[in-house]
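Naming follows writing order (A, B and C), and every chain is counted from residue 1.
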Amino acid sequence: MDAILLQILNGLDKGSAYALIALGLTLIFGTLGVVNFAHGALFMIGAFCAVTVQRIFNISFETIDPSQKDFLGNPLKVKTTYLEHWFGPEMGGSIIDWSVPLAILFAIPVMVAVGFIMERGLIKHFYKRPHADQILVTFGLAIVLQEIIKYFYGANPIPTGAPEVFRGSFDFGVLIGFDPNAIIYPYWRLVYFGFAALIISSVFAFLQFTTFGMVVRAGMADRETVGLLGININKRFTIMFGIAAAVAGLAGVMYAPINSPNYHMGMDFLVLSFVVVVVGGMGSLPGAVLAGFLLGVLESFASMNEIKSILPGIDQIIIYVVAIIILLTRPRGLMGRKGVMEE
Amino acid sequence: MGILEVKNVGKRFGGLQALGNVNLSVAENSVHAIIGPNGAGKSTLLNCFVGKLIPDTGSVMFDGQSVLGRKPFEINQMGISRVFQTPEIFGDLSVMENMMIPCFAKRDGAFEMNALSSVSSQRDIHEKAEQMLVDMNMADKRHMNAASLSRGDKRRLEIGMCLSQDPRLLLLDEPTAGMARADTNNTIDLLKQIKEERDITIAIIEHDMHVVFSLAERITVLAQGTPLVEDTPDNIKGHPKVREAYLGETAAA
Amino acid sequence: MFGLNQKDKSTLIVVAALTLLAPFILNPFPEGSALAQFNAGYPDLMQRFVIFGIFAIGFNILFGLTGYLSFGHAAFLGVGSYSAVWMFKLVGMNVLPAITLSVIVAGLFALLIGFVSLRRSGIYFSILTLAFAQMSFNLAYSVLTPITNGETGLQLTLNDPRVLGQSATADGSIPVTNLLPGLEMRSTYVLDAGPWLFQFNLGYYLCALLLLVAFYVSIRIFRSPFGMMLRAVKSNQQRMNYTGLNTRPYTLAAFVISGMYAGLAGGLMASMDPLAGAERMQWTASGEVVLMTILGGAGTLIGPVLGAGFIKYFENIFSKINDNVLHGWFAILPDGIEDFLVFVVHPFIGKGWHLTLGILFMLVVIYLPGGLVEGGQRIGKYFKRGSDDAQSNDASTKPAE
């Protein structure tokens, strides 16, 4: 029992990332009808927003402290960050410590801007082109974006720490009445899950309860009719693209402590997220979320030793196997609507 | 027994009952017109014949065999060809190539690899396609890209493609829509001529009453997914129910 | 001759001349001159040109003709490489049986994957192929280690049986691949013509010959009824179905053929350098062949060959250029401008090649969907119009080739 719970918990953080990326992909696909291969790159850019903020916070100046000597006997050079200098070591230190959550504030405008530029500058011109062209051009864009990041940040993963209080793990099992040490769970993963749940519910609430969201949903269901009503649906769709970019970016920001950001993480997640979208059902938002968590948890189960000993290597391919089975037996995915991407 | 027997066919799209309870019998070697106002379910009915849709209820028999559950290509091989309301042709191919493909299908069946011989070495196919283009009065357009044809020409090409298969049942969904008057008359003449030359049954959906009354031997009037009446053209012309449900509407429109 | 029409015959002859004379054409600059860095007439590089050319020609038979965009073709290349290396390990160092096995195994693998993936079309097909390829890649890395040797990659060792050859040569090293006993793949004849150096490598010529065969077969396929059916599938599947044609066998045949081309490329790769690694199957590798085909011109005969050559050539050149080279180029300019230019160009060269490639690819998809071939046609048309604009502009109504 506890082992099962542990696997479910372990699957949640990856599942959350899949769900968030797939949610954005589906929003873009459902509203604009565009298959966006550059969506993983948005996730990656988000993660690098966290890296950037951490670097900015750590900008420092050197002073010479005559009271201390280094090992050669020279006066010791001390690096002090500006933040510590301005706000005092206490306050400045904790700001630096909290750089990842604080990066959210930085990432939102950046990601929305990136989304707008992408939609207005490129994607817009591909609405009427075949899906294959959309895939190709966004694939090219994904390469460009990841190479730009590589140029500025290098090829190696950049460790980006969570705030001190969330580092380490806690005994989750004891909290819910299991034996001590049965379920040890890192704090940050719980934070990530909570964060993902918050974002997902905000997106759904936004679509459900605002007029803007209602128009967008109507547009997703039937673009022509909404267009006929004289509502400028395109402008709203552009905004949706910005929102989808922000969702992917935020997923990336908060994922930075779990997986040190590197330039190809976007592609890695993209392939899986596409699989998630297809399993959930192209164009279905709840489907994307459900499939994201489902596959995350399944993957985690498949990596249990008990299962791997029966089916070696299953953890490596479980997601693809599920996707292939679903695509062949339920072409519309778990919750897909009829007529989406069908010829 | 007609060559096409439709019994109790019904089809629902969500809340819309597109076809109610359709019974229809098309006699062999006849021209049977299906008319009715927009949205009456005429195209939907044809879709049920060619495997594009599977009706919720009822049966569709062609020459004593059920077509339901068969794939479109199998139904075509039984001898049913269809011209669509919006032309379905190979837009990226030349007119000549468009015409050759059904000839290949007719000669070779559903699949023939034939990967190393050259298209231009297939004399018989060339001749047949060329002949069909001449019949359709399109020989001068043989090298054009099919997508660049006018709407009327696209439809004529599609009719030609279907005829080159020598089908036993030809389904025409508004074949003259978008055609100039002269081409419409040509098409009528061509269909009449084909009808005389070979054994073929034609089911035609048409809004142009001139075409309907020139060709049809029997007419079924469909309204809101159910056949109102079925009769000869002369009787249909004077039928009060038809005037009310159909002709009245077009007059008003 | 060869059952080709005049135009195709000349295309074939041009490609034959280009590949057979490549050691000259690609080494136009004298050794030691400043421009020698643009030479590409080295055996390993030339081998890569033609091997990727074969890969792209095969991919084009699927994508160019049917429009089915596979994102998993590298899997077949990888399988081909593994099969060939196993032949070298178990049977002997002759490349012909190894290449034959590569083609067969890749074809069977493609049959399996194609059978499943082709049940869907459009983006679903792309994702299915992607999923299969990633699955193969992951398996090659993990459970299949006994077959693939996991991360290290499959290599020859001194303990391999090689039943029809020898486990080790007389001097105790691993034997090398050959065409016939004594005719080693690596054997190279170097022609010293004054300051020029031309290298004629046996391995290269084997690859080149196979490229010509592959290219010839692809021309035949393009011009055949089968090729026409494939184009019809791309144009309108519905109409195919309502014309009594089952599209599945056509697309599956195209898929398997292109898989066999990929297997051939993989087998040749292993024949030139007998090792195989899982990274050859990764989806970025599949993406590369997509890039080559589109960049050159999908659906055209010569496009994929051009695209493969273009990408591999510039990959090599760009990777060699560094800031020092740039400074050398811009040396005549005033210092400030020189530094500025170097600064601007820097991100696009050396390790930045992929950035350049990505941008180029986007530009092609946006402005030149027909790739380099379309670019060439446009330029050609421009000059033609310039020279005889008195003539009426009878834009050829035949489908572009």
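One rule holds in what follows: a contact is a pair of C-beta atoms (placed from the backbone, for glycine too) under 8 Å apart; a residue touches a chain by one contact, two chains touch by 3 or more.
Not measured: the values here are computed from a predicted model.
Chains that touch both subunit A and subunit C are absent from this assembly. Among the chains in view, C has its Cα centre nearest the centre of the complete protein Cα set. Each chain gets a centre from the mean of its Cα atoms; for subunit A and subunit C, those two points are 35 Å apart. Mean C-alpha position of subunit A lies 52 Å from that of subunit B. With centres set at the average Cα position, the gap from subunit B to subunit C is 46 Å.
Annotation for subunit C: residues touching 2 or more other chains are 238.
The residues of subunit A lying in touch with subunit C in their complex are 35, 122, 125, 131-133, 135-137, 139-144, 147-148, 150-151, 267, 271, 274-275, 278, 282, 312-313, 316-317, 320-321, 323-324, 327-328, 331, 341, 343. Residues of subunit B that touch subunit C in their complex: 50, 71-74, 76-77, 81-82, 84, 88-94, 97, 100-102, 104-106, 108-122, 125, 143-145, 148, 161, 165.
Contact residues of subunit C toward subunit A in the complex are 67, 69, 116, 119-124, 126-128, 130-132, 134-135, 138-139, 141-144, 237-238, 283-284, 287, 290, 294, 347, 351-352, 354-355, 357-359, 361-362, 365-366, 369. The touching residues of subunit C, counted against subunit B in their complex, run 3, 5, 217, 220-221, 223-229, 231-232, 234-236, 238-246, 249-250, 253, 257, 397-399.
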